[in-house]
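Two complexes come next, and they have one chain in common, chain A, joined by chain B in the first and chain C in the second.
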Partner chain A sequence: MSATDGSLSAYVESTIIMTTVRVVSPFVFTFGLFVMFHGAESAGGGFQGGAIVASSIIMLAFAFGIEPTREWLDDSVIRLLVGVGATTFVGIGIGALAFDGAFLEYAAYGISHGVKYGIELVELGIGAIVAGVIVSLFMNLAGGFNHDSGGDDA
Partner chain B sequence: MTPLEYLVVGLVLAGVFFSFVAVVGIIRLPDLYTRAHATSKSDTLGTVLSLGGIALLFGAEVSAVKTVLLLLFMLITNPTAAHAIARAAHDQGIEPWTASDEEGD
Partner chain C sequence: MQLLLYGVLLTFVVFAALAVAFLRDILSAIIAFAGFSFGVAIVYILLRAPDVALTEAAVGAGVTTVLFLLAIVRTVRPGGDRLFERVAWGPAIIATGLVGVLLTTVRSLPTIGDPTSPVATSEITRYYLENAYPQTEVENVVTAILAAYRGFDTLGEAAVVLAAGLAVLVVLRKEVYV
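Up next is the complex of A and B:
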């Protein structure tokens, strides 16, 4: 496998891109979390924040090479992220049913500011799903389409 | 109009001019490298000038700080993106346009 795609591994890192990404990506990541946490009270939300977080990881992949990033951020981690996000969303929603509320009725929890915390947690769950899906889509696309033998290798 | 407003209008007009130069460059120039050359510099300068004018208009407020941060972000990332595109094109073996290509097209 590694012998056939020599054109991918021939990628040489650029100092300019690496330095810029090193400076910029922490801010982008933080801004993504900021957007996620602000979903309840101002402009923002899980989807946008998740997209920004994913873009910071895709930037790392551009700067340091896609294969090193794939080794650093294993596919199972991304799957776990998506699973935890979906579980958070469904858990918050179903949990309200246990407190005699409707699905996603945050007020049923009876905590002070329960609506706000409920929305925040759901936004974080959505953000985790979106970030995970975007990163895994990018990684799969970057892997190339040379698996022309048909069956998918899970 | 106050002198500050004249300055703001001047900065924004200069920004619009350089953005226009970038658009002319991306339409008129022949290949990827020359287009990246035109857009990266002119577009960055146009954006920075416009955002500088807006930051002046906000005055001493949080919005001005946010605008300046956005300005710095554009100033760092825009040339880097152009560099990454031109570099990727060079890695893919795209030949730069030369004067001898002119009669071919």
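Up next is the complex of A and C:
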């Protein structure tokens, strides 16, 4: 009954799940990108799109096991994604200051349709943050404690 | 027809919530919770709030369920074959009382789609509806408000998400920052 030994003992290889995920996950991933990119014209946006993109990755981890997924998609890639997203959002905000605008005042950039592009970029940044953080939450919680980091926990 | 749909959905949502509270097996409770989130998401769609519905379906029904599943892998199932948890009467009475108090406020809510409700007639609503497209060239007013008019608040939300990710890394000691 005990499932406490070994963090991956819950994984069961299933042909049905693997086949379903193999077929479904590209569509889920694409739909997530659509929601993210098309958030300005229809329902959705960075938060929702990011969550859907992340769930397509989590699906893969469920079907094929967490360790193989971690090898395929390294933690550092996910951290880079989160970093790039946050930098985009803050960068666009601060960049407006350089053009004599207020923080996040997209119109200050002076490009035609500047506000729209600003909003789109910010949405993509949010999407990258949300997708990255959700995937990394999943991967790290699945990995559990790093016991060999030495010392007793207080 | 619409009313019937609301009735069925809300009944489902309430029973799913009760199932979450009373089911003894945590795995069953998590599945009931996913069902609850999914029902709520459909209610949001019926209420014409697709943005919120997408979030509820993706985060509430999808991601949260998976994270809960990961957490219970590390627990053991309770013994015995009772299906439901015993009711703890003290907390049950307090919870029922709280629900009763909250239900008294329902009467002061405007009816769905009421054109004279404060939200529909508010100056702010009118301002956003009239100016969001000319000022931002974005057709989805929700996105316009979130990313442009309230961009600073959204930056705060993004920071919260980022902080959650960093906190997990620190707590699970994947990275030593402190």
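Here, the second predicted complex is superposed on the first by the 133 of 154 C-alpha atoms of A that agree within 3 Å, B and C clash if a C-alpha of one lies under 4 Å from a C-alpha of the other, contacts with A are read in each partner's own complex, and residues count from 1 in each chain.
Just so we're on the same page, a residue touches a chain if its C-beta (ideal position, glycine included) is under 8 Å from a C-beta of that chain, and two chains touch if they have at least 3 such contacts.
What you see is a predicted model; the values in this text were computed from it and never measured.
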- Please work out whether A:I17 is in contact with chain B alone, chain C alone, both, or neither, and reply first, second, both or neither. first
- May I ask you to decide whether A:F62 touches chain B, chain C, both, or neither, giving the answer as first, second, both or neither? both
- Task: Kindly classify A:L81 by the partners it touches after superposition: chain B alone (first), chain C alone (second), both, or neither?
- Result: neither
- Item | Overlap of chain C and chain B interfaces on chain A (superposed complexes) | 62
- Task: Please name which positions on chain A make contact with chain C in the complex.
- Result: 1-4, 7, 9-10, 35, 39-48, 51-52, 54-55, 58, 62, 75, 82, 85-86, 89-90, 93, 103-104, 106, 113, 115-116, 118-119, 122-123, 125-126, 129-130, 132-134, 136-138, 140-146, 149
- For chain B, which residues are in contact with chain A within the complex? 73, 76-77, 80, 83-84, 87, 91
- Residues on chain C engaged by chain A in the complex (per definition of touch): 50-51, 53-55, 58-59, 62-63, 66-67, 70-71, 73-77, 135-140, 142-144, 146-148, 151-152, 154-155, 157-158, 161-162, 164-165, 168-169, 172-174, 176
- Note on the structure: chain A residues touching chain B in their complex are 11, 14, 16-17, 20, 23-24, 27, 62
